[in-house]
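Next up: the structures, one after another.
Consider the two complexes below, in which chain A is the common component and chain B and chain C are the respective partners.
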Partner chain A sequence: MSAPLPTIRNKQPFDAGRATYLTLNGLLLAFLLAPIAIVLVFALNPTPYISFPPVGVSLRWFEKFFRTPEFTNALFLSLWVAGCVLVLSIVIGGACALALARGNLPGRSFLTAFFMSPLMLPAILTGLALFQSYLLAGIGRPVWGLIMAHTLVAVPYVIRTTLAVLHNFDRRIEEAAAVLGASPTRVFFEVTLPLIRPGVFAGGVFAFIVSFDQFPVSLFLVVPKGETLPVVLFNYMKFDLDGAIAAASMVSILLALSVVLVLERLIGLRAYVKL
Partner chain B sequence: MISRRTVLGTGALAAATLAAPSILHAQTKTLKITTWGGKWGDIMKATVLPAFEKEFKCTVSADQAFPYVPKLQASPKNDPLYDVLHTNSNEQWNCFTEGLVMDKITPKEAPNVADVYPWAASDKIVGVAIFTSAIGLGFRTDKGLTKPTSWKDLADPKLAGARGSYIIPVNSLGQCHLMMLGKIYGKGLQDLDAAYKALEQLKPIKLVDFTGQMEKMLLSGEVSMGVIHDSGVYRYDGQNQPVDFASPSEGVMALEQVLNVTPGSKVKELAFAYVDYMLRPDTQKLLAEGVWYSPANKKVKLDAKYDEKLLTTEAKVATLIQPDWKWYNARKEDIDARVTKILKG
Partner chain C sequence: MAVASRPSPIAWLLAPALLLFVLFFVLPFGVMAMMSFYSGNPVTNPNAFLTTRHYERFVFDTAGIYHDALWSTLRIGLITTIVSLLIGYPLAHWMARMQSRLGHALVLMAVIAPMLTGIVVRTFAWMTILQDKGVINTLLIDWGIVSKPLPLMYNEFGTVVALVHIYVPFMVLTLTGVIGRIDERLEQAARSLGAGRLRAFVEVTLPLSLPGILAGSLLVFALSISAYVTPSLMGGTDVLTLPMLIAQQVGTSFNPNFAGALGVVLLLVSLAIVVAYNRILARLSGEQGLA
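Entry: the complex of A and B
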């Protein structure tokens, strides 16, 4: 009987580069997630003021949030506005991106910069300018005015992500469809649109989040009893700085995350990540 | 047989019935006001505004979303965004300087103005003040501190890092505190050099931007003594919180709640009626006891526990010091730059 062979341990050498890489990634993640963790701690802390360390765990602030009509009405209004902005941004932004990429438009660079300009202008000025324009036009501050304002700042996101997809688009696929007898409309809906969909929807996700969290533009455009959640939270904070603010923030974060997940289920996050 | 007259009569009745809501709506005036949030806003929305709407057969659109003044400034003067502006006194003075609000509201326009304490319609007020709070010192009762008797007590070295005030450029309580420093360490409220010097000595100091934050800092123990308005402490009365309010012997600063009417208002009579309504003794009592504000109307009789603490007699209101906001606002940019430099970091 032969002696048992010594066990060979496949020991990998210490990789300092990889360790550094993982550590940096861990620190970056902690940096990004720490504020959310702190907000969660505040939301669950039962004291009537924001303090650290927490003295216990309670859902009283979540209960207060959902039992206060000002909060829930504002939440539904924000969701409604963000939903409309998502649809409008996709339609307008997608069309603009196609025109910019395919239209052979004169002054294409200028037009691209023009459509991106809402991102360069401080949002508070956009809100103030629209507020004055609406009042001068005598239309007051209707909800559709708020939706238009949010759309204005959200469209550049859709344009940018769609242009990124169109940049790598192989037009020979469209030509092949046309050669095979497909009409231009059919080519658009059955070839072009499915291929640029990840870019359009990725921009739509940004548009939704930008609108849902929009504060500076909304500040001047909301009306009494028609305030969006960020505006209600800001005003609440001036008088009652308690855990309801943190609970509202958690609800807001979870809703935004839900939308991203739903869209991921619909269009696939992998396609989005490729961008 | 249906006659022509019957058809016409029935048609007219039907048309009138269908049009009635819009006619009624057209006749219902809307008063656009600003108002605070928090407990004040709750009482206004639940009780005061519905009662006013019922009595004056109007609707009130109450804006609780800051910032009121920039929105008013951006709206046309001949069709302002608000009919009645409710702010603290410093902002009213800004608006008055720009012609956005009226100078004074007299008993002719709002009869209850005849019953207010002199401070509520003094030369330091544009429009009319409906309430005031007293800005003094709030302190923790569980930190072994003796009740402060002077504004100078805030400078006690033991309070280093545990004293609190406000970010002066954005908060009128901080601005009041700065002026008070000029009074107690210098020649008067307008002695800015003395105030700056005294402010330097208060470092390290915790600063907050929103007024409501200071009471939370006191409650959480982050601050042991801080500049605060009395209502910010009294509202925790009976809740076993280790905080109390002290009125320094040098006097308390007034934090007035001021109402004013915009000259371009299309419903000026209704606006004056609202100001008058807010000065009625029953409205004043409801709000004063709800949020611990001292009423402007001399005829208001508060319940004993409120009467004991709030400024409800001539002798008590004599301790109120009203800042000259016109003077302060004219120098605000320079003051902001200086205090930011002093308190940087």
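Entry: the complex of A and C
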């Protein structure tokens, strides 16, 4: 890199201490990533049970996964629910973040904390509370009830990413547009909305993943034969540990990885360091 | 900045989110609290009456399992938090001080990628690694280091290992933000005054990152005491936590009222943590505003 750095940085001398530091961090990274790599190995290993070391490469588990209606139905339900959650949480969360950042609301920090609270409270309790409410209301366990439950825990992600973008951009751009004669509506649609779009979309991608991988909220809200993929996998794993689970896992992981790449392209991952 | 005046029309955009949160969050938690004081479903069963017996059942614990479950939930949460801190701190420090943008992006991706992989999938990964015929035991036996498989799973150890893997990214991200904000020149000053690298870290950077340590620890603790998937798959018959007990009451005993009471207990513990976490975050952003 040729650009000068803002602070004078001493080049770290390479000695035993530095080597230990780097080795330690390398091991920790391996701890984070190895389990995911191992799932791939088992997804491709043709033996009927999970066994190590692998003896070959085959796609039989992927075949089993895509040929088992129990799995594919669950996959389609999960994708459908996550798609609905994506749309709902973009609209609701994006609007909410705008109101929080630009609405001149009293008690703003309290409201922000309130809208973030589904992330901090036990998700299994959100599921339990909704299960009991649906029970009292006598509505059974409809799919829309599951979608609303997922939306509730996905919206905070959209609010967070959108707020991050709103904090970073210069309000004077909006003011300049207003001074130049644009009506507030026009400023909103032609300046504000395009500027926050990356944040809203990034949040939407998170929302999709949160819903697609959701377990604790779904647990009490799904009906037999109408379970989402994580619930089906969980029930299967209690009795059987074979390559089909690994293949199913790989399908989810590939989905997640492609999402990370999309995120990186959209606004760069650095924005997420600020939790 | 101008003093906050009347809310602008944009404030109306809050309405959909507010409606969602009232209907599907505030109200349901109210229903849960209410159900915990009823003997049955008050809508369908006209004989349902108000009672504190679910709480008495928990407090007096004649079955001798509820206190143990609460204690093991807190213990597993605490151990997971401490281990996550020990593992997360070096990674966060490395990331915060990394000078190459590419390196930073790669490490960040490595930290976030597991986060985007579902908990069920990651628990499965650890089962394949830690079970009797799993990766570690197979290798240890093949190399002749042990003669029979080590009990790495179906106990608290396996549960904690998998939980740490699942929640350590939250610790890393929280800490990276805080460590990154500490002026590196403070440490350099300490070193130019003769402190060794370790001493400069222990006496300058570590104390300054204390708010991040607290915030990250509270976050990981809150997440791990509410974990259900991992303890129930990795814990075997050895581990019974509060969330597992709640699921049992709903699924097999069909006693949603007692489940509600257990839920309220777990909720109170979590709320205490959330309040502390928000206090620390508020203080952190206050300091940032002054800087």
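By our rule, the second predicted complex is superposed on the first by the 225 of 275 C-alpha atoms of A that agree within 3 Å, B and C clash if a C-alpha of one lies under 4 Å from a C-alpha of the other, contacts with A are read in each partner's own complex, and residues count from 1 in each chain.
Here is the rule we use: a contact is a pair of C-beta atoms (placed from the backbone, for glycine too) under 8 Å apart; a residue touches a chain by one contact, two chains touch by 3 or more.
From a predicted model like this one, the values you see are computed outputs, not experimental measurements.
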| item | value |
| --- | --- |
| First (chain B), second (chain C), both or neither touched by A:220 | both |
| Contacts of A:113 with chain B and chain C, given as first, second, both or neither | second |
| Chain B versus chain C as contact partner of A:135, first or second or both or neither | both |
| Partner chain(s) touched by A:49 [first = chain B, second = chain C, both, neither] | both |
| Which superposed partner A:234 touches (first chain B, second chain C, both, neither) | both |
| Which superposed partner A:152 touches (first chain B, second chain C, both, neither) | second |
| Partner chain(s) touched by A:203 [first = chain B, second = chain C, both, neither] | neither |
| Chain B or chain C, by number of chain A residues touched | C |
| Contact residues of chain A, present in both the chain B and the chain C interface | 49-51, 128, 131-132, 135-136, 219-220, 234, 237-238, 241 |
| Chain A-touching residues of chain B, taken from the complex the two chains share | 36-41, 61-67, 70-71, 74-76, 79, 81, 210-213, 216, 219-222 |
| Chain B contact footprint on chain A (complex, rising order) | 47-51, 128, 131-132, 135-136, 219-220, 222-225, 227, 231-232, 234-242 |
| Touching residues on chain A, where the partner in the complex is chain C | 1, 5, 7, 9-10, 17, 21, 24-25, 28-29, 31-36, 38-39, 42, 49-53, 91-93, 95-96, 98-100, 102-106, 108-109, 111, 113-115, 117-118, 120-126, 128-133, 135-136, 138, 148-149, 151-152, 155, 159, 184, 188, 209, 212-216, 219-220, 230, 233-234, 237-238, 241, 245-246, 248-249, 252-253, 256-257, 259-260, 264, 269-270, 272-275 |
| Touch list for chain C against partner chain A, complex | 4-14, 16-17, 20-21, 23-25, 27-29, 31-32, 35, 41-44, 87, 90-91, 94, 99-101, 104-105, 107-114, 116-129, 131, 133-135, 138-139, 165, 168-170, 173-174, 176-177, 180, 184-185, 188, 197-198, 219, 222, 225-226, 228-229, 233, 243, 246-247, 250, 256, 259-260, 263, 266-267, 270-271, 273-274, 277-278, 282 |
